[in-house]
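I've put the structures underneath this note.
Both complexes below contain subunit A, partnered by subunit B and then by subunit C.
Now for the complex of A and B:
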């Protein structure tokens, strides 16, 4: 008898619908009134997406206070990279004791953003910035070097219109 | 006219319910499966060979990309196998943090299993709710190591960095709401008549068959065998944790669902214990600059969310690369029980059988 009743009256479905209904009403009736909205979907392209401080984005070369490149070509990052995306050419510069990178090429399309390069760097001369929008239309846009507008290793890539590029 | 004719069809490799690029060759008699053979290898990248050509340190990034739903658990196995090979002792605080992140990863993996498995069988709502909680765990991954999915969370010898500021707050917030969330999923599914009809008695795998095929993880525990490497051969800080191994005896899809739900509760318990008993101290052991192996071989198995993941490493004298590297992937071994589960059943039930095995093809093909 009990079993027949349970089959006839859909308690289980009502239980499920109660949960979805509870969530729907909670979000629907407080939609524009709460400071922290209950819905968890972020309105990403319109609202800037925030990332955590340790976020691993694109590789960036750093300069010191005098505008000098901090990198001294120890090639530690080149050696530790699991996908061999970094190529450094050593050179000399007038008035600088340490070696100077003439070329610092970074093939972003193969980069896996593991941060091993930053970890191996003993001179704090590279970081991974907070940029996550790295898509581009041309393959050449993924080859980064020291020169070229919008494609150099010092500034964030221009494609990232919405992400927090630097803090 | 068609009475004795059997039909051969392919399920996959581009079918949404095969969870990746799994192809299953099926021979059907009407709607009954008479013959079932999984065909794998569409996602083969040669991870084992690649790792043999890279240093011990670099090899870790490839373990992320095997089972991408449980990258942290894979990292843990790799790091511990290497520590065994080099004889490194990891600081206690690092062990605790590893245990905690591993359990968070188990939650994330089980949530994605629940979401996709329920979606395959026809319960759409659970999918959205489970991904909501998984998002919090991925945010914690991001806060700890900077990446959400391919974490590269641990290092050989410990951790790269300590927990970030504000991490404990995130954990406390998550643990406060998570038990209610599990109850929500159970209210949606456990008594649902469609769910019960699609899972009870479907894809049975008895304990004898499971042991004979080397099946591990929740699939084995749902057959009544209380085998869990966290208890049997404790690693990381599991020896100091107080938790239970949930088992069922029905050995069907519904039992596996109940086992995994109970496991999620136990994981939350372990995380709470890790937070309470977190010791102070360093997180990285002292290591030589370049890891050079002796002639030595190790096999280290850990309990990944999907089952036993084992790393076999052979060192060569004076070399920075492993001489031989092999992974015992849980999904790969569990998948061979698919014919046993599916043969004799209906074609609609093979979707449930694939879902309940919780396979990730990145790990099976490697």
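Now for the complex of A and C:
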């Protein structure tokens, strides 16, 4: 009996219509106000895109308080990377006990942004930053590193707020 | 008031046709735009806020100008409007491809058929009872003559409307068959079954107003349904309105019943092989059909050119004070507002309910809607017999 009633009287449809109607009226009456927009999509090229905290952008090397690179060349990220986009060359530096990455190459054109490298890192020395615009005009622009023309592994590098190790 | 001669009345009718066509071709693009915006709002987006060429061309220039003009979001909100022009330009300029093995004549005639069937229905729709407006005396040839609120005052207007509207099925079926391809054929077959099935409860739900008002003329029906009913006349109208609206969604192939062009199963259904302005005609015909269904719904159920729906106007009218008598009289603006509301409902339902399976569509028609429409007809007959 209940089932027949639910079939004949479209309660569920009414419920769905109420929800979407609420969304419509909220967005419609606040879309023209700049302070409290209720629509969740921004007008991207004109307005800077806001990314969520868990957004996975470009791989970035972090530095500690003294300005030293935190990476100690344990090669965990290079081993776990499913597409082998990370290449690290171990080296020595004066006045530093830990090994120092002489070369840290990252080829973004093959990267799938899985964040395994960041999760595997035991020293919180790399993050995927919040850069939204990752496109480039040349293939060469995607091979990043610490030196030379591709010396852009460090900036823009926000502080690793959302580190996995902290959780 | 002078009586028009034959030529004068022909000219007046032509002017009426022109007005109706202008009305249709203003409402349809705005519906297309509103569909994008409203669907966006239903999903907490803004809808179309730009055209595809954001940085080049006339529209790109307009967009940049609007944005530079002080970053006023109100303007930004309407920035999708040039997209309408872009759409029309694209449809007109696109190459018109004819499949090699297609039946050329039928392929050509199908979009025209569905378009004509959609537009011609408006002949029997009366926008306002009596005189719509009178030409001023200085007007050449027809000065001082009245223009009635509908093009043709047909005695059996409802029969005309239902008859012509079901010709629209041929457009879709022939398009599917003439394309000589599998997806369009499946879409055409589905539409044949679906539209013929839904024709039955649609006509039955429209029979209730016929029984209640004892007329088949559109203007007379809407007048009697709005003002000449007792309190009990409300019940069959509300139920009938819901049935009619459901069948109307199915008749115009809108979601949740858009089986003929189920794009996840059939590529685009019956118009897969169509491109250019032939596809544009199908597109236009769909939206004109929506307007027609909205016009019928507002005429028969929502009180037509009167303010209040479901025959409440006749009950409220004696209590309306003389100062507010404007609200007691019929006006074309009420009719248009109701049409727009129902068009909004179309988009609202589209943004809410997912598509039905094909067997569900059929079972909704035959197992639920037809018995309910019969019950509604019985209610209307009882009301007519005992209460009117």
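One rule holds for everything that comes next: the second predicted complex is superposed on the first by the 112 of 167 C-alpha atoms of A that agree within 3 Å, B and C clash if a C-alpha of one lies under 4 Å from a C-alpha of the other, contacts with A are read in each partner's own complex, and residues count from 1 in each chain.
Everything below uses one rule, namely that a contact is a pair of C-beta atoms (placed from the backbone, for glycine too) under 8 Å apart; a residue touches a chain by one contact, two chains touch by 3 or more.
Here the structure is a predicted model, which means the values were calculated and not measured.
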Subunit B versus subunit C as contact partner of A:138, first or second or both or neither: neither
First (subunit B), second (subunit C), both or neither touched by A:27: second
Partner chain(s) touched by A:66 [first = subunit B, second = subunit C, both, neither]: neither
First (subunit B), second (subunit C), both or neither touched by A:116: first
Partner chain(s) touched by A:16 [first = subunit B, second = subunit C, both, neither]: both
Subunit B versus subunit C as contact partner of A:2, first or second or both or neither: neither
Touched partner set for A:51, first subunit B, second subunit C, both or neither: first
Set of subunit A residues, in rising order, touched by both subunit B and subunit C: 7, 13, 16, 19-20, 40
Touch list for subunit B against partner subunit A, complex: 54, 57-58, 61-62, 125, 132, 135, 139, 142-147, 150, 152, 160-161, 164, 184, 187-188, 191-193
Contacting residues of subunit A [partner subunit B, same complex]: 7, 10-13, 15-16, 19-20, 40, 51-56, 80, 82, 112-116, 119, 128
Residue numbers on subunit C that touch subunit A, as the complex places them: 38, 40-46, 49-50, 54, 67, 71, 73-74, 76-77, 348-349, 351-353, 368, 372
Interface residues, subunit A side, partner subunit C - complex: 7-8, 13, 16-17, 19-21, 23-24, 26-28, 31-34, 38-41, 43, 45-46
